[in-house]
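Dropping a structure here in structure tokens format, bear with me for questions.
By written order: A, B and C. Residues from 1 in each chain.
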Amino acid sequence: MSMVLFDVPGPKARVRHKIMAVVGVAALVAALAYVVMRFIATDQFSSRRLDWINYKQIQLSLVEAIGNTLSAFAVGAVLALLFGAVFAAARLSDHAWVRGPAAVVVEIFRAIPLVVMMFFFYYGLPVAGVKLSAFTAVVVSLMLYNGSVLAEIFRAGINSLPKGQSEAAYALGMRKTQVMTLVLLPQALRSMMPTIISQLVVLLKDTALGFLITFEELLRWGTRIGGDAVNFGRPMISVMIVVALIYIGLCLLLTWFANYLEKRNRRSKKVIHTDDDEAGQTQVAESSAVMGAGSVL
Amino acid sequence: MSVLTNNLDLFLRAFGQTLQLFAISGVLSLLLGTLLAALRVSPVPVFRAVGAAYVTVLRNTPLTLVFVFFLFGYPLLEIVKIEPYTAAVVALSLYTAAFVCEVVRSGINTVPVGQAEASRALGLTFVQMLGNVVLPQALRSVVPPMTSTMIALLKNTTVASGFAVFQAGTIRDSLSEQGENVLLGLLWVAIGFVILVMPLTYVQQTFEKRWSVAR
Amino acid sequence: MRVRTLAAVLLTGALALTACGKEGSPTDTAAPAGVFDVAADVKVDGSPTFEKAKSRGSLVVGVKEDQPGLGYKDPTTNKYSGFDVDIARLISAKLGFDPEKIQFKTIQSAAREQALINGDVDYYVGTYTINAGRKEKVAFAGPYFVAGQDLLVKADNTDITGPETLKGKKVCSATGSTPIKQIRDKGYTEPENILEFQGYSQCVTKLLDGEVDAVTTDDAILKGYAAAEEGKLKVVGKTFSNEPYGIGLPKDDKALRDKVNDILQAAMDDGAWQKIYDGTLGKSGSSAEKPTIDRY
């Protein structure tokens, strides 16, 4: 796609590109080499600092920490999807008294930082006598924030369908609920699947915010082992590399799943393609706006 | 209400710090992100690969982990000492740049192919074409998602709460130290963010509507 | 693509399943866990916390995990050790719970009141200073130890000799802790030079990296870190506060509070307390006086 921005390079350009590539690679290698040199100079990969990997108890606690991260993700994702579906439906309602409050709720929860929500549930609510565990606080916050973002994604998905779909369904004598559940939703879900999954990637990453309210997830495990001076002389660097690789691996797995779904979708004939240029571009702008809103934090 | 009025000074200072953190990281991430986007569409394959690798790694890493790395990992390498505040700015900028890069890149992709082809026909270089023709046109489709990214950055500044950086997210610490009502305090913090974010959302939606019609 | 990913997943899974590892701790410096006689047929009339623990069959005890010598969890064995931990073990034994019936739970300083209010833990033993503000939210038995605020600096530091020499220096402590409030309220250093992290160990990291000049908290805690870092750090040794450590309990449980006070008093009288001290904090060579229990 980006190939349209430049001609197929001729002989001169190829030479130029090669020189630039060499310079670029040299600069990059130099930077990486410097970092690796610092790693070695400060002894980050000494056998003592890597020894933690060998202990059974540490391996078990790592598995447990990953389990906590994943269960917060799983529960949070299911609740967020439900929340999103309910509020998307409410925002698409024909009744203003349903639409209005739903819009307010969604907008407000999208505006409050997740950290503040987690603090609110974990440190704030007990003042009023409501007791929540760190896990619950994390999951509820994830539900409210990501659910609100998902509500917008669902809504955009349903709105992006050609009007003819619902008109035809009404003409066939379907009721409002039938139109929504039998005609609009299945199509919207298909076209919105990649966006939904990338929002779930965001949700997975956001479980790491539980670190701030002492939820025993993967990152907290990492700082605990990485900060251990007594046994391993603070192996923070090696532990953080492992933790980062796990997070990246999990997220890529989800993203890969999203891409797989998208590919399968493209082959499927059941999807309505909005090929007409104007509508297509508006849709891209809209969905990328939603993605932008969700894709950070 | 008394939680707010009794500690108005605290709230103002904290939100001031939040905005400062936001402004500095915002500018830095826009610069770095645009540079990365240029790398990602450049004719040199290695540059594209570097840009893609950066974006893939940073986008799939939790921001909190980036913070932990710069606060507790980086100092072990004994390169240049940085204050927690600087570390927070670096973490926020590097992280957000990956998202800025993607927004700019998808903006570039919305510019019709003919534009780039025409500029090439006129003999413009890659840099000239990007700077004078493609990016200015990409801007209109970039602004709404970029606003979203910036809103996210503004909210993300609160992640610094666990890392010795005073800002709106640490208001709770000060309040609980003084024995104030933390519940109400946090409600006011939330309201503060709603007040800060709402106008930005409004701007974003207005641009989105106006420019999607114009096309 | 799909096959390769699947293979990678399976490989990782297989590795995880076959993972075999070393047991035990590489340093083995952790003090042996205190063993105490378990009391039989204990009754604490009118204590909801005790009743709850009885029906659950185990005690949930909040401790710290990052304070060598006081409350430290060895990640290689998952065992807790230290003075506070042994006090917690003593109390649970005298409440009639077998050693394996204690579940230790790590609670950071900033979350202690919440954990007790939430009922996440039955009692809390972790350098928990008794003060009036906290008494409004939780109850305290004890004190079982009296510490004093001190400063931890690098071993070669000669500028910092006491709190009055802190002006212009960066001082680090845990969020929501008494020591940091003290530094702030008394103006020992400028507000912008005060750094707060979730735990003291993170402050010690920053001290070792040279990003802060001093870590302040109670001398008992600092001594543990100084010992763990083998000669890189030293405790200034000039305490400037009185920190009576208490056992944190749910606020309204007076019956349990009285019972724990009785247990502590008995331990101080029959030498159990001294034995715990000698086995943990006393290893640093310092001695300590037994506190007087404050029944309120």
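The working rule: a residue touches a chain if its C-beta (ideal position, glycine included) is under 8 Å from a C-beta of that chain, and two chains touch if they have at least 3 such contacts.
Values in this document were obtained by computation on a predicted structure and should not be read as measured data.
The touch graph of the protein chains shown is complete. Of the two chain pairs examined here, A-C and B-C, the one linked by more C-beta pairs in contact is A-C. Comparing the centres of all chains, each the average of its CA atoms, the largest separation from subunit B belongs to C. Centroids built from CA atoms put subunit B at 16 Å from subunit A. The centroid of the Cα atoms in subunit A and the matching centroid in subunit C are 37 Å apart. If each chain is reduced to the centroid of its CA atoms, subunit B and subunit C end up 39 Å from each other. In subunit B, 72, 76, 78, 162, 176 are the positions where the chain touches two or more neighbouring chains simultaneously.
Touching of two or more other chains is recorded for residues 123, 223, 227, 234, 236 of subunit A. Along subunit C, residues 198, 202, 205 each make contact with two or more other chains. Subunit A contributes residues 51-52, 54-59, 61, 63, 122-123, 126, 131-133, 213-214, 223-225, 227-232, 234, 236, 253, 256, 260 to its touches with subunit C in the complex. For subunit C in complex with subunit B, the touching residues are 110, 133, 136, 172, 175-176, 180-181, 195-198, 202, 205-206, 209-211.
Touching subunit A in their complex are the following residues of subunit B: 40-41, 43-48, 50, 56-57, 59-65, 68-69, 72-73, 76-79, 95-96, 99, 102-103, 105-106, 108-110, 113, 116-117, 120, 126, 129-130, 134, 141, 144-149, 151-153, 155-159, 161-162, 168-169, 172, 176, 181-183, 185-187, 189-190, 193-194, 197-198, 201, 204, 208, 211-212, 215.
Residue ranges of subunit B in contact with subunit C, taken from their complex: 72, 75-76, 78, 81, 83-84, 162-164, 170, 173, 176-177, 179. Per the touch definition, subunit C reaches subunit A in the complex via residues 2, 5, 9, 16, 19-23, 25-27, 29, 65-66, 68, 72, 74-78, 107-108, 111, 114, 117-120, 198, 201-202, 204-205, 228-229.
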